[in-house]
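Each of the next two complexes has chain A plus one more chain, namely chain B in the first and chain C in the second.
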Partner chain A sequence: MSLFWFVVGQLASTETMSTSKKVITREEWEKKLNDVKIRKEDMNKLVMNFLVTEGYVEAAEKFRMESGTEPDIDLATITDRMAVKKAVQSGNVEDAIEKVNDLNPEILDTNPQLFFHLQQQRLIELIRNGKVEEALEFAQEELAPRGEENQSFLEELERTVALLAFEDVSNCPVGDLLDISQRLKTASEVNAAILTSQSHEKDPKLPSLLKMLIWAQNQLDEKAAYPRINDLSTAALEDPSI
Partner chain B sequence: MVNDREPGFNCSLLSDLGARLWNPDQDVSMEEKEEVPTHLNPINSSGGFHVVSTDKLAVHYTSSQLHGHDVGVVQANCPAPVKTLAYYFEIFVKNAGLKGQIAIGFTCENFKMRRQPGWEANSYGYHGDDGLLYRGQGKGESFGPTFTSGDTIGGGINYATQEFFFTKNGKLVGTVYKDVKGPLFPTIAVHSQNEEVHVNFGQQQFVFDIEAFELEERRKQQIMIEKESLPLSLSHLIVRSYLIHYGYEETLNSFDAASRTTLPPVHVAQENGFMEESEMYALNHRKILRQLIRNGEIDSAFSKLREWYPQLVQKETSTICFLLHCQKFIELVRAGLLEAAVNYARAELAKFFKDSPLCSLLQECIALLAYEEPQNSPVGHFLNMAQREAVADAINTTILSTNPNLKDSQHCLHSHLEKLLRQLSACCLERRALNGDQGEAFHLHKVLSSGSKGDRR
Partner chain C sequence: MPASAAGNRPEELCERLASVDSGVRLKALREIKNQIIGNRTKKLTYIKLGAVPRVAAIVGDDDSDAPLFVQSAAALGSFACGVDIGVKTVLKSGAFPHLIRILSNQDEKVVDASARSLRMIFQSKLAPKYDFLNRKDMDFILSLLNSVNENVTELAASIIAHSCQTGGEQKALSDEGVLQKLMNLLTGSINQRDASLDAFAAIFRNNSELISKFAGFDNGRKTLGPVVELLKDKYPRTRLLASVCLIVIGQASPCHLEELGVKTKLIPVLVELLEEPGQPGDDAPFTLANFVAGKEELQKLAFDANAVEKLCKFLRKTAVQPKRFEGLLLALSELCSKLEICRNQFHQLQVLHIVIDALKHDSTEVRSAACYCLRSITRSVKSLSAGDFTNETILVPLVQLLRDPSTSVQVAALGPLSNIAVDFTPRKAIFVQCGIVKEIIQLSKSMDSAPRLNAVWALRNLMFLSDKMGKESILIELTLSTLASLICDSEVSIQEQALGLVCNLLDGSIDSIEYAFAEDGKIIKAVARQVKNATNLEVCIQGMYVLSNIAAGNELHKEAVMDHIIPPVSSGGGTPIITSHLRSSDSRLRTASTWCIVNLTHPTSTDASDRIARLRNAGVIGQIKSMVNDPCLDVKFRVRTALEQCTTFGNAAS
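Right, the complex of A and B next:
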């Protein structure tokens, strides 16, 4: 009898052991944090990678001088890339296409989707500026042949041309195409394509690492209660809730 | 001891420096080194029924006995490493012998030799004669194709998904959940006359593209991570606060100027104006001192400090004085002014020998004198630009600690970016520790050195 209860007790305690979370106090956690080695040089690289990828060319140049960190790309190419991006953002698509081809003609040759999106953006800009005739001609000559090659291009073309059917585009179902966000979307697509052509990652590493931190904390939550950083912008450590 | 006013602060400052400055070549990934299987272990094998080749990379069943307890099993010399994303090895079936009863799998340390992997508890095996997968019992389950002479079969452990996986001639056959803890040995078995199997622990190119497998696994994980959403402009904010923390003032000004014209506009929260002001503390002073130290102008740095922060350099034996005197000495060695360096050391550095925590650092530094080419000596790292940067960082942090608005001197020790990265590393390490030490750890250095070239998503 007593042995039976002893065994049951043992089972129960191992049961709670395996299901309850490990609790890590602030003191223990801070010790672990202190044991982590982060190289200054690596943080500098991370910051430089952000400046370069996001196109802060002057800041990247200054950072190179102030911290001695070498950028992972020729800084001159950032200026060109940003010029293309700006051109799309301000609606000068023809100019942007020319600039991309000056940079590297292969970018558009090997990227039919990007080329189509740029042409589509050009059509949108023509419609925005009320150049109906020019828009029609452009759609028929430049875009329609591409639509025949690709079903999704055709659908996008039809959606764009639909803009012409509305006198007042503010209430039309495809009005979002005229939104500034459409320009930004196209601009970031070109930006990414140029970066890829320069063997550079199209996204900076920092946002991914921050997402990884959120993810890693969520993962660890399943197994332990420990001091978390809930507000990434202050990086303040908060005591575990037990 | 070094500074009576804030011993705690100086202590962490020193340990921080110790990590950064005095061992710059220490590679963090060294801690991850584990023994990996390189050959078969003929001692820990069933013996009698088979022969392990002299290079310990092949096994041959010579006996004609076929009893279920006469299996020719042999384990690798050590268990599969666990602190990695995946482990993998391959076998080549040279000869399927009489019955082709060949198996590949993983077994625990006290596996009962003379039995097929998978037949006993805590063992897993993919068997060639029936293509079945065995896990812990004599009855197999349907898994993949059979394999025979000329086939290359692989067995692996995916620590990210906690699965075993098996391959045939370079193609993935299938996976099975790894329901076993503790070390696992790569294991092969032969069980009919003339069966001959060669094993490849990675000494030769694998038939299966394990790099692509790992890349795909990382990509899957990355997709999960990318699903997390970030507050607007968070990265921007963190970069900005990094520049402020380290006093990279000119970069900050360019960054801010550019941010005002970016599209889409960057939204930097307005409400923390006070915090901002506190972060901006002594920005210009910190920038100037960093520039001076980076240029090796230590005397000027000293005089600026005396002018702006006399309390920091008042005490001749403070850590900050020690670092600057050391740096001055290093600059003299760099300039080849060895006599001046010796005189300087006698005048300014000798007194620090009394201070035990600094003593060993000082000794290393002075050792520069012992080498004809100090740049290429074991202490040559003192002459690197990173050394100047590290001293500048230490001065920067010390100045930050004089901010009267600061609640806690520990608070200013690290930038927000560094705090977040430390938290990330600690979370990954802790999670792994709670998972039987299995899987990869997070290393910023690896993240940064991977992917910039070639890895196009």
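Right, the complex of A and C next:
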């Protein structure tokens, strides 16, 4: 009997807790937010960080002049980095490799996986262009030795060479390698490696801040009803639904 | 386009490096650079073709312009990256001083290229060493450290990490304020931070005085705190280097690690790093092994952090790189070196066959590491007495390693064999079938002391509780004269093991004691010589136990021992050797010596009263009497037994 009452008692208290969520009105909320001070320079730095990381070099240059915010990286290197990225995205892998090496020869010399993926992409482009003989020679000369050095490279190489075995590559089990997304994947890998070599974060800070905002709102939802931001692009406060 | 087409063949490109036209040279340089970066095979090809001296000539040519300097420095750096022979060739080509010279070039791009290239060279053990006690070298390194160029300061830290070795150099660098400069680099770029951590480790290694001084009043919370913070860094390489640095600090000055509270933090960091691909993951098991080596408490912590399970999991993965494979085996060998729980888990995870297969690995290091791992696993008394390891699957490959071309592998293989040999008696046939005894004896005659020591050790364990047949089969191969010369080996540790071997040989029956007197008493003479002359305590202890074993024999045996421990009256007396040993400050030597007296005066022997009289005259009994209250219980009990035996006869005589 006593146990029964105890359980009921607990249920009751949980219920009161969930219904007694604190309600914060828009007025109160805006007042609270007004009390939080954000420095303009910090905002500018975040914007600069976004422009730099994403590679908007001209915008960054303009922004630097207009706002006086100094980028934490030599803007010229952004142009170089974007050129590399673009070269991979458009299938000029050899050109991309040369550009990376001009930028910093250590990147590909100390990052075998990235180097292999670039070479693999080169092979994919040869196959895409129907240069079968050249592709085979390239695979044998340049990629096979890497496969000997590393088992997982060998597996990837085998998968890539398998492209040659199919008449209709668009419909074969390894067809995804020819997909444009494969180029983008390789391009983003190079981009990240270059950024890391420049001691720069490979992701911009703004998305992390927004992620944190969503997380914090989810946490708060359990405790209170408040004006929420649902649309990140407008950042509009929406009245709490009670 | 493949490199072999359109005039880009290595031979042709090499030719063009020597062209009179600088434009042709530059194009060839750049092409070669692009071919060799990331490509080991190509590097080797060009090294063979003699490209390196040609590139060195370009970097050494005062008439070269900035682009030529940049490309040639980059090419040299790539030749030196990841290939030992590349570093060797670059150094031999004389490029090093040229690269140093262009570090002070006006063009920032040239400086960057040469600093990067030099850093590649300094990542190799083969790089030249700077002497920080030399003013010129010190000034040079300080000028690099003070540079505004990131690549140059990073190079400075790499040079320190590579060159700083002696306490004097460590102090000199610290006196010049280098530690503070390195501290500043910790807040710099990723590469600067990593190089600086490396340099810190080199300056702190084995130097507790310097660590204390640097740690200052708050035991390093402020000065070393930033290094501790880096244990949480985003980059695995940085976490690893911070761990290495803190381990170095802890090994030189344990109290500081304790004060910083990181001892327990390091284990999970290292265990987590095992999961990393690439260099940090390859190095992590080595660092873990180094950290827990010989420290049971840390091994337990690592066990609790699932280290054994993780290591075994990676061991199972197919096609592990040799370097990582070696590290995993070494880490397991350290973790299983003391704790039975670790060994149990190793068995439960069923990876023994992988370790056994690794005994046949192509890499010398992996074979050695597999042996070390098996040595730790075979330390389990439980598994040994269950006879888990006395089977051909494990013994045959181990024995084959006794003929390995590498001495270090031979020595390593003797480790597990020694352990398994303890289990000799019940399954002797297998050992003989596998030809183990013969192989080990062969190694006991090696000119190299390491295999000799380990072989004698293994034989000692083989002798342990062995029956007459077993002893005989070993002795026939080994011969008494070899055994006698091992007792008097030039290495003290081998003397000790050889005496231990004799102890096990003579243990058991009157028959086996006869071995000491065979061939004109070769063995007892050698033993007696050591007991009399050896300065090493362990040798004396082992020697006394051998004499005790002989003294347990018949009247003739006992008399022979008497002759060796008490000088004949004709020689004018003096303090008998047994008395000096009874007076030793080491209780183990006192115990061994008292045992000898106990056996000599045993009442069942007919001539005991005569021997007691001789011992009394030589002052030995007096010495024993003075030991009735010996602080060591073991000695005290043996002394009582000896005295009781003496009084029995004393009474009978009176």
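The definition used in the following text is that the second predicted complex is superposed on the first by the 223 of 242 C-alpha atoms of A that agree within 3 Å, B and C clash if a C-alpha of one lies under 4 Å from a C-alpha of the other, contacts with A are read in each partner's own complex, and residues count from 1 in each chain.
Rule of thumb we're sticking to: a contact is a pair of C-beta atoms (placed from the backbone, for glycine too) under 8 Å apart; a residue touches a chain by one contact, two chains touch by 3 or more.
None of the values given here were measured: they were computed from a predicted structure.
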Message: In the superposed model built on chain A, check whether chain B and chain C fit or clash.
response: clash
Task: For A:72, select first, second, both or neither according to whether it touches chain B, chain C, the two together, or no partner.
output: first
Field: In the superposition, chain B vs chain C on chain A residues touched
entry: B
Field: Partner chain in contact with A:134 - chain B first, chain C second, else both or neither
entry: second
Query: For A:192, is the partner it touches chain B (first), chain C (second), both, or none of the two (neither)?
result: neither
- request: Find the residues of chain A that appear in the contact set with chain B and again in the contact set with chain C.
  value: 196, 199
Message: Which residues of chain A touch chain C once you look at their complex with the stated criterion?
response: 94, 97-98, 101, 104-106, 108-113, 115, 134, 137-138, 141-142, 145-146, 149-152, 196, 198-199
Field: Touching residues (chain side chain A, partner chain B) in the complex
entry: 22, 24, 29, 32-34, 36-43, 45-47, 49-51, 56, 58-59, 61-63, 65-68, 72, 89, 184, 187, 196, 199-202, 204-220, 223-224, 226, 229, 232-235, 237
Query: Which residues of chain C touch chain A in their complex?
result: 1-4, 30, 33-34, 37-41, 74, 77-78, 81-82, 116, 120, 188-191, 277-278, 318-319, 321
Field: Residues on chain B engaged by chain A in the complex (per definition of touch)
entry: 12, 15, 19-20, 28, 222, 224-226, 228-231, 234-235, 237-239, 242-243, 246, 248-251, 253-255, 257-258, 263-264, 269, 275, 287, 290-291, 294, 385-386, 389-390, 393, 415-431, 434-435, 442, 444-445, 447-448, 451-457
